[in-house]
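Okay, so subunit A shows up in both of these, paired with subunit B first and subunit C after.
Now for the complex of A and B:
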């Protein structure tokens, strides 16, 4: 996925003041800055709420992965409202249910378990991005 | 099919089913015939506690003492210990909650039930419980007190 226009858009929720919301944003940073920096673009949900032109254009033109901290699913809902193409709706709570030992706590700064949970979420998203890449190119994924 | 009392306070709407009785803590009890009582949590308690991640109930056959824990909910906000509303024996657990704990949030009065208890002193202990109107008033005051908090 070399075209910047077709980079997968990552949209985390804005659950400010909630540990699961913080996990969603930490996971988004992990994906966009560390795991798949060349294949993703991060879009802040608040920019979509405000209708910021560049953020809306990205969501309108590229596949999106949303990450939500709670079942209100604000990120997914807003991308759907824009008729964006969501390839995966990630719910942090669902990932936590598979990793009961990783209970996130803390808000401004997550505890170690929360940081680990964010890394788990990020790895799952990276795998999804590879699948999207593979489907678009018809080739194998470059990442281990 | 249950009917509901409904209160909209601030931006939230809370429902209270009219076909069962309640504790002030937000546990409902629905008689199933004889002394078998289906037990769950109220719409207010589930909304107040947040999305449920895990439900753990005491095993079938557990002898329950009044006010001692019969189940616990782990949500995204709190770990909630639920005190038994009656004395008796836990005879059924809602196994569906093992794979779908979100049922507690989605349908607290029906699919999200927690356990069934064979009550030992139902005729006596039921007198301590609240009818729907009384619980509705308690719930309203709890919500209003929460809204008033800075």
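Now for the complex of A and C:
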């Protein structure tokens, strides 16, 4: 298996009705395009559910991190339904509870607080990805 | 293309046809959200897809029946001779043009559907809810929902999905409460969207029929 196939799969919510759904998508883009572009691959939830070959292969062969915008946790549920390996189920609402000052508003265009919340979510996911790769390579903390 | 579909749908929902359109949450719909699936069975549904995979259209067809109309953005972009949109987070100019073109096509389809269904088109600006909701309506990140009704069966509250929509269909078809076949047909239709415990069908039938009688009275009094 190539290293590309072992990239961590990021599966965000794709709802368009509330700002938290937009935060989940924005966080996914932040991780996949900015923070960990070489270590992640984005998978569209709808492709996965409808059995698109490439999306299914990615989820079948790589660890996944799901990002959900509401308590129904569609992304996590659907990856589990596919029997994918989820290393972290991220709920944007949980992150928001720890950062109440970052109240997201706007769906088509997030306000600054929403964008900051997305960046917080993304940084936490990047840390999880680092842990996954450390565990896979057997790496630990550097020492003399 | 996915970003174009989302922004075009939001433009119609929020700016161009607010109050006359609602969105169904595709992930919830595909994950088994019975409320949303029932909603799409009862309401005209227009799907907006980014590419030829047509996930929204295929999902709708699979779970709720063929959509009333479908848009595929990349075909629409080609039809209008626009450059390919780029930038998932921040669309380029071509992407913004694609949003407008898609939104306008969507509006045409919405107006066609609503115009064919009745007088909504003649009252621009008036907010017309597509469904009656209550506090117990199932909701998701998309904010979509199908109506739920609480009935008392054997002294216990039970929540049933889509009853007002079923009642309206029966009422508009002229199905009378005193027709013996109506009770049976109401239960059968209700079972499509709800679990009715085996052995309790008679008691559910009585409760549903009472609710339908009340619905008919309200409609007749209008």
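Here is the rule we use: the second predicted complex is superposed on the first by the 137 of 144 C-alpha atoms of A that agree within 3 Å, B and C clash if a C-alpha of one lies under 4 Å from a C-alpha of the other, contacts with A are read in each partner's own complex, and residues count from 1 in each chain.
Everything below uses one rule, namely that a residue touches a chain if its C-beta (ideal position, glycine included) is under 8 Å from a C-beta of that chain, and two chains touch if they have at least 3 such contacts.
Remember, it's a predicted structure, so these values are computed and weren't measured experimentally.
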item: Clash or fit, subunit B versus subunit C on superposed subunit A; value: clash
item: More subunit A residues in contact [subunit B versus subunit C]; value: C
item: Touching partner for A:108 - first (subunit B), second (subunit C), both, neither; value: second
item: Partner chain(s) touched by A:98 [first = subunit B, second = subunit C, both, neither]; value: neither
item: Which superposed partner A:33 touches (first subunit B, second subunit C, both, neither); value: second
item: Subunit B versus subunit C as contact partner of A:20, first or second or both or neither; value: both
item: Subunit B versus subunit C as contact partner of A:50, first or second or both or neither; value: second
item: Partner chain in contact with A:70 - subunit B first, subunit C second, else both or neither; value: both
item: Selected from 96-104, 132-140, 168-176 or 186-194: the stretch of subunit C that, after superposition, runs into subunit B; value: 132-140
item: Overlap of the subunit B and subunit C footprints on subunit A, listed as residue numbers; value: 18, 20, 69-70
item: For the subunit C and subunit A complex, residues of the former touching the latter; value: 2, 6-7, 9-11, 14, 23, 25-28, 30-31, 33, 53, 55-56, 58-59, 88-89, 140-144
item: Contact set on subunit A toward subunit C in their complex; value: 13-18, 20-21, 26, 29, 33, 44-47, 49-50, 52, 69-70, 72, 74-75, 77-78, 81, 107-108
item: Residue ranges of subunit A in contact with subunit B within the complex; value: 18-20, 69-71, 93, 96-97, 100, 103
item: Footprint of subunit A on subunit B - complex, ascending; value: 50-51, 53-54, 74, 76-77, 101-102, 105
